[in-house]
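In the two complexes below, chain A is the common chain; its partner is chain B in one and chain C in the other.
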Partner chain A sequence: MPSVTLLGQSIVSGLLAGGLYGLLALGLSLSWGLLRLVNLGHFALAFLGAYLTYQLGTAFHWPAWASALVIVPAFFALGVGLHAVFAYFRVTEFTSLLVTFGITVILESLIQWFWTADFRRFETPYASTSSRIGPLFVPTLELLAALTATALALATWAWLRLTYVGKALRASAEDPEIAAAFGVNHRAQAFLLSGVSAAYAGVAGVFIALISTLAPAQIWSWLGVVFAVVIIGGLANPVGALLAGLLIGVSESVTMAVVTPAWAPLVSFSLLILILVARPGRA
Partner chain B sequence: MNARPLAALLAVGLGLATLPLMGLPAFYESFLYLIFSWVALATSWSLLSGYAGYFSFGHGAFFGAGMYTTATLAASFKVPFLWTLPVAGLLPALLALGIGAVVFRVRRLRGELFGLLTLAITFVLATIVLNTRIDGGPGVYLIGVPIPRLVGSPTGTVYLLGLALATLSVATAKVVAGSRLGLGLFAIHDDEDVAEVKGVPTFRYKLVAFALSAGIAGVAGGIHAVYVSYVTVGETFSITVPLYVVLMSILGGARHWLGPMVGAVLITASLYLFTGGQTAVLGRAAVALALILVILLLPEGVVPASLRGWRRLRGRPAAPDAAAVAAAATAASIDRPAGAAGRFMVEAPASPPPPAAADTAAARGLECVDVWRAFGGIEALRGVSLEVGRGEIVGLVGPNGSGKTTLINLVSGHYGADRGRIALGEATLTGRSAHEIARLGVSRTYQIPRPFANLSVLDNVALAATFGPAASGAGAARAEAREWLAFTGLGRRAAARPAELNLHERKFLELARALASRPRVILLDEVLSGLNPGEIASAVRLIREIRAGGASILFVEHVMRAVLELSDRVVVLNEGEVIAAGDPREVLRDPRVVRVYLGTRHAA
Partner chain C sequence: MADSPGLMRRLTAVVAALALVGVALPAGAAPSGPPIRIGSTLALTGPLAPTALIHKIAGEIYVEQLNRGNGLLGRPVEWVLFDDQSKPDLTRSLYEKLITVDKVDLIMGPYATSGILAAMGVAQRYQKMIIHHSFGMPHLATYEMHFPVAPFGPEPQKTVPGMVFDGLATTKTPPKTVTIVTSKFPSAQYQSNGAREVAEKRGLKVLLYLEYEFGTRDWGSIAARVKDANADFLWVGALGLDGNQLLEALKKLDYSPPRHFHLFPAPGPMITAPEARLALSNTFFEEHPPFTNDPATARLVALFKEGATKAGLPYTAVDTQAAGSFAAWQVLEAAIAATKSLDDKVLAQWLRKNRVDTVEGKLRFDGPNNYGDDLSKMRQVQDGKWLVVWPREFAAPGARINLP
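Then we have the complex of A and B:
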C-alpha cells in the first residue's frame, strides 16, 4: 500500500490532468450535444494550436499568453468556417465523424510536414515552477490549466442556462422544428457555437504546448480518454464534462500509483462501459 | 435470388488464386494480400454495422483477439498455424456474443453510443493483453512458426489464405443481404422497434450478425499475425483498424454487399501509392481530402451511387424488378378483394364453432384482464379489461391521453404490463417479446406511419409476410406482398421508397403491412386521421373486407362517423379506465361518455 503522501500527490496530479481532459472535452461535448456533430477534428485543432504556440514561442519568442490572444480568435473564425462547410453539405451525425476524421488526418499530415514527426518541447522559464502545499507539490502550469478549465466550464454553463442564445441552442438541440417555429434562428447560433468550440480547442492547445511534449501522432492518443469523459459527463453539459474529466484523471493517476501505470486505461474505459450499459439515456 | 454475382465472385477468386502459381513477385503477393485482408475486415464490419446500422468502432478488438489467439497458440503452444485459424475465428465470435448479450438488451444503446462502447472495449482488451502473460509488454514473435507451403513460398500461402477469406466474406455478405436475416437486419437499421413488432427477432439477429462479423475479423487477425510475424499491442489494437474499416465501408457503401470491398480496394491502393519519405505525408493528406469530398458528394457510397448512375444511363427504372411489380399489380387488381381477404385465419378451424362453445378460449379472441401500466408516476392504464371476439370489430375511443395507444403498445408487446393479463385465444401475450407476439398473430399499424425508409414499398410489406405468423420464404412473401399492395390500391407504388408516398398512401402502406402477416388480431391506431372523406370511405370499405376474412379488429379512432359505421361494440377509455362499453349508439349517448368528451354542461 502506498504512503498517504504518495496517494495525496497522485490525487492532486490526477485532478490537474483531469482539468486538461475536461478542457478538451468541453468543446467536443458542446458540438456533439447541441449541433449533433461528432468532431474528431477537435483533437487535431488542439494540437495545431499547441504547435503554433510552440512556433511563436521558439521562433519569435512570444510569451504563451500573447500566442493565445492570436490563436483563440483565429480558431473561432476557423470553427465558423468549418461549420459553413458542414451546414452547406448538411452533414449528419455519422458523416460528421467521417469528415472530421479526414480533417484530422489532413491536419496531422500538415503538422508532420512542417514540424516533422520528432518530439518537440516548448521550454519556458515557468515550466518547472510549482508551489508546495504541505508535503504536496502543485505544478503551476497544470494548476493554471485546471483553473482555466473550471472557469470556462462554469462560464459556458451560465451561458447555456441564463442567456437567450444558450436557451435557444438547447431548444434547437431538443427539437429543431419546434424551436424554429418559435423564431429560433438555429443556423446563426450554430455558427457561434462551432466557433466557441474551436476556440476552446485553441485554449486547450496553448496549455498542451506548455505542459506536454508534442508529436503529431499524439493527436490520436487523447481520443479514447476524452470521448469517455464526454460521455460520462453527459452531452452538452459543461460542468459534467469538467467533473468527469477530474474523475477520470484521479482514477487514472491513483491506479498508476496503487497498481501500475499500465493498468490505468482499464479504469477509465471500464467506467465508461459501465455507465453506458447502466444509463444509456445520459447522452 | 440471383446466383450470377456469386458465380462471378467465385470466378474472380479462382482467377486470382492462380497468380502465385504463375510466379507473381513476392512484392505483389504481399500488396494484394493487404487488400484482401482489408476487404475481409471491411466486409465483415458491414454485416452488423452497415446492414443493421449498429456502428461499431470495436472491429480492432476482434481483429486483435484473432491475432493474439494465433500468436499465442502457434508461438507458445506450438499448435500448427492452420489449426489456430478456426480458434482465431471462434474466440472473437464468442467475445462478440458475450458483449452483445449484455449490450443489445439496452434499448437506447444505439448509434454513436454503441460505437464508443465498442471502442472502449478495444482499449480494455488491449490493456488486459498488455498486462497479462498473453503479451506482457514486449510483443510476441512468430518468426519460428512454420507456415505450410500451399504453393511455392510462405507468402504465397498467406496470399491464398487472405484471398480465400476475402472471397468468403464477400460471399457471406451477398448471401446474408438476400436472406431473411438480411431483410431483418435492414429493417433493424431503419426502425428497430417496428422491426420487432413485425416479427423480426431483433435480439437474436443482432447477435448472429455481430458474431459472424467478429468471427471473420478474428480469422483475418489470425492470418495477419503470421504476415507481420511480430505482434505488439500498440500496433494491433490501434485506432487504425476500426477507422479504416469504417471509412472503407462508408466510401464504398456499407449497405451494399459489394460496397466495403470497393472501398477497401480504393483506400488500400491509394495509401500504397504514397509510401516512404515526405511525399507519403502529403499523400495521406490528399487521400483524406478525397475521402471528405466523396463523403460530402456521395453520402450513400460509391457502389450504390454508381449503380444508380448506370441504371439511369441504360434508361431503366431504379428498382430492379419494377416491371414485374407493375405486371403483378395489374393482374392482382382484377380479382382484388376476394383473393386477398380470403387469406386470413389460415390456422382457423374450417367451420365456425357452434354457438354453445362461444366462450371457450379459442373463440374469445383477444382478451385483456385488469391491465395496469404506469410511466414514472403517471398511471396510463388502471385496470383495463376488454375483449375482442373472433371476427369482431371493437372501436376504442376516448379523449387524448386516455391510454388508447398505450393499450395498443402493451398488446403488441412494445411495453410490458405492470399487472394483468393479455391473451390471444389460449396463448398468454403478457411477458412475451414483441416478435413472438407478432408470430402469434397480432399485428398493428402506427398512428404516424413508420415505414422502413430504406426499403421499397414492396419490401416493407414483404417483410411483414416473411416474419409474420404464416412465415413464408422470400419469393412467396413478395408474391403475397404484391397482393396486399393491390388490395390497398398501392400496386403501382411497389418499387417506390416510402418517402415518395403521400400521407394517404403511407397510411395504406401501414395497413398493407399489418395485413400481410395474415394476423388473427389487427390493432389499428387512427388509420383514418388526416384522410379526406373519400379516402375515409375507401378505408372503411377495406376494414369491412378485412373482417370478412375472419380477423378480429381493435381500432382506435376519433372519426366518430366511422366508429358508428364499423364497430360491433365500442369501449370508451378515460384516464386509463374503461368507463363504458357496449353497442356503439347506446355508448355514445351515455351521459358519462358525453361528459368526458364535451364537458359537464352538455351531459345534462
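Then we have the complex of A and C:
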C-alpha cells in the first residue's frame, strides 16, 4: 500500500500534468467543435512554439514571457492564414484529418531540418524549482502551466457563453443556415477562432519548452492522450477539456503510484471507452 | 641555356609541391571502378532519431575516409542509407528493398535492438551478412552471419550489472539497497531485469522494481515512488532522455539519489544537467586515454567533432554510440581487406575466426551467438565530462568512481 504522502504527491503530479493536457486540448477542442476541423497540426504548432521559445531563449537570451509576447500573436496570424487555406480548399471535417496530418509531417520535418533530431533543452533557473506544502512539493512551472490552462479555459468559456461572437460561433456550429439567417457571419468568426486556437497552441508551446526537453518526434507522443481529453471533455467545451485533462492526469499518476507506471497509458483510453459507454444520451 | 636556372627553380618548386601533396594524401591510388554499395537504414526520424543521427555522422565520416584512401578493394564505397523512422516494421521492408530492389553488395545494421532484430530476419532470409552496432539482447541473435560490435558479451543481463556492482563495491560506502526503474524498451528491460537478479544474488535488497512505457511523459509519480523507496542506489534502465527526466522530477521533489546509474542515456543532455552530477552509465568508449592513444582513433574523434559541429549537434564528443558505428565499419573493412572478397559467406567465415582491432578494442565473434567478451565499462559525469571510472585499467588518467 502506498503511503499517504506518496498518494498525495501523485495526485499533485497528476493534476499538474493534467493542466498541460488541458492546455493542449483547448485549441483542438475549439476548432473541432466549432469549425468542424480536426486539426492534428495543433500539436506541431505547439512544438514549433516550443522550439521558437528555445531558440529565442538560447540564442537571444529572451525570457519565456517575452517570447510568448511574440509567439502568441504570430501564431494567431498563422492560425488565420491556415484557416484561409482550409476555407479556400473547402476542407471538410474528414479531409481536415488528412490535410492537417500532412501539415504536421511538414512542420516536423522543418523542425528537424532547422534544429536537428537531437535533444534541445531550454535551461532556466526556475526549471527545477518547487514550492513546499507540508510534505508535498509543487513544481513551479507545472503549476504555472496548470493555472494558465485554468485561466484560459474559464476565459474561453465566458467568451463563448457571454459574448455575441461566442454565441454566434456556437450557433453556427449547431446550425449554420439558421445562424446565417440571423445575420451571423460565420466566415469571419471562423478566422478569429482559428487564430485563437493557434495562439493557444503557442501558449502550450512556451510551457512545453520550459518543462520538457525537446525532440521533433515528441510531437506525436501527445496525440493519443490529448485526443482522449478532447473527447471526454466534450467538443468546444473549454472547461470540459480542462477537467478531462485533470481527470486523465490524476488517473494516470495514481496508477503509476499504486500499480505500475507501465499501466498508465492504458488509463486514458480505458477512461475514454468507459465514459463514452456510460455518457448519458449516447445513441 | 639562359633559362636553365629559372627552369630548375620552377621544377624544384613543382617537385616540392608534389611532395607536399603526397604527404597530405593517403598512400595508394584513388578508388576507381563501380562503387561497392553498402545498404542500411537508420532511425533518422522518430523517437530514436537523436541517437541515430550520431550513427549517421560517424558512418558518413568513415565512408568519406575510405573513399579518400583506396576505398574497399580499390573501389569507391557508396552508402545507401534509408530512414526507417524508428519503426521495426518499416526497417524490415527497407532491408528487403535494399537487398532485392537496390541490390546492394553488402548490408550494415540499423540503430537499436528492435530495428536490428527486424533487419536480421531479412538478412537471414537472403543469407546476407549483417554487422550491427547497437543490439542489447544477444540471446535473440541466433543467425550465424550476424556480427555484433556492441561488445556486451553473450550474457549482458549478468555481466553489465556485474561490472557495475563490482565497481560500486570498491567505493567507501557500497550500496546495500537498490531501486530499479526501467523502460520497457526490450534491451533496457532485459538488462535491468538482470540487474535485479544480480543485485539479489549479491545480497543487495531491491526495494523497488518499476517498468515504464517507452515515451513516458509524466515522471512525477515515478519520482515520488523512487523518493519513497529511498534506496542507496538507483539503477535506471534509461533510454535517451529518461534518466534526465527522472532526475529532474526527483529534484522537484527535493530529492537527489545518492548513487544513480543510467543504462543507455543520451550523453549530451546528461553531462549538462546539474542534477545529473556524478551520474554513472555504461560505455564502450570515451574520448580520453587509453581509448584515444591510437592516432587513427584520435583522428576519427577529431573528424567526428567537426562533423557533429557542422551538423548542428549540441554534443560533439565521441562516446559509445559513435564509437559503435566506427567499429562496425572497421570490422567490415578488415574482413573485406583480409579476404579480398565481397561474398557474405566468405566474410562471415573470416570474422568468426579472427579478431578485429577497433576503436572499442579487439573484438572477437567466436562465442555463443557470435558474441565475444563483454567490454562494458562504467563512466561517470565528472566536471562536465564523461570519464571512464571502472574497470581501473580503462579509467581516464587520474579518474576514479566519485560518490558522495
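Going forward, the second predicted complex is superposed on the first by the 278 of 283 C-alpha atoms of A that agree within 3 Å, B and C clash if a C-alpha of one lies under 4 Å from a C-alpha of the other, contacts with A are read in each partner's own complex, and residues count from 1 in each chain.
Here is the rule we go by: contacts are C-beta pairs under 8 Å (C-beta built on N, C-alpha and C of every residue); 3 or more make two chains touch, one makes a residue touch a chain.
In this text the structure is predicted, and so the values were computed from the model without any measurement.
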Superposition on chain A - do chain B and chain C clash or fit: clash
First (chain B), second (chain C), both or neither touched by A:I103: first
Which superposed partner A:W222 touches (first chain B, second chain C, both, neither): second
Which of chain B and chain C A:F119 touches, first, second, both or neither: second
Which of chain B and chain C A:A127 touches, first, second, both or neither: second
First (chain B), second (chain C), both or neither touched by A:S253: second
First, second, both or neither for A:P265, with chain B first and chain C second: both
Partner chain(s) touched by A:S3 [first = chain B, second = chain C, both, neither]: second
Clash with chain B (superposed arrangement) - responsible stretch of chain C out of 98-106, 224-232, 296-304 or 386-394: 98-106
Common interface positions of chain A, toward chain B and toward chain C: 109, 112, 260, 262, 265
Complex interface listing, chain A residues touching chain C: 2-3, 5-6, 9-10, 12-14, 16-17, 108-109, 112, 115-121, 123, 127-130, 132, 137, 139, 142, 212-213, 215-218, 221-222, 249, 252-254, 256-257, 260-262, 264-265
Footprint of chain A on chain B - complex, ascending: 55, 102-103, 106-109, 111-113, 116-117, 119-121, 123-124, 126-128, 130-131, 137, 238-239, 243, 246-247, 250, 278, 281-282, 284-285, 287-289, 291-292, 295-296, 299
Chain C residues touching chain A - in the complex, by the definition given at the top: 44-47, 49-50, 52-53, 86, 184, 210-213, 215-218, 220-225, 228, 240-241, 244-245, 248, 251-254, 266, 268-269, 272-275, 311-315
Contacting residues of chain A [partner chain B, same complex]: 38, 85, 89, 91-95, 97-99, 101-106, 109-110, 112-113, 220, 223-224, 227-228, 231, 260, 262-263, 265-266, 269-270, 272-273, 276-277, 280-281, 283
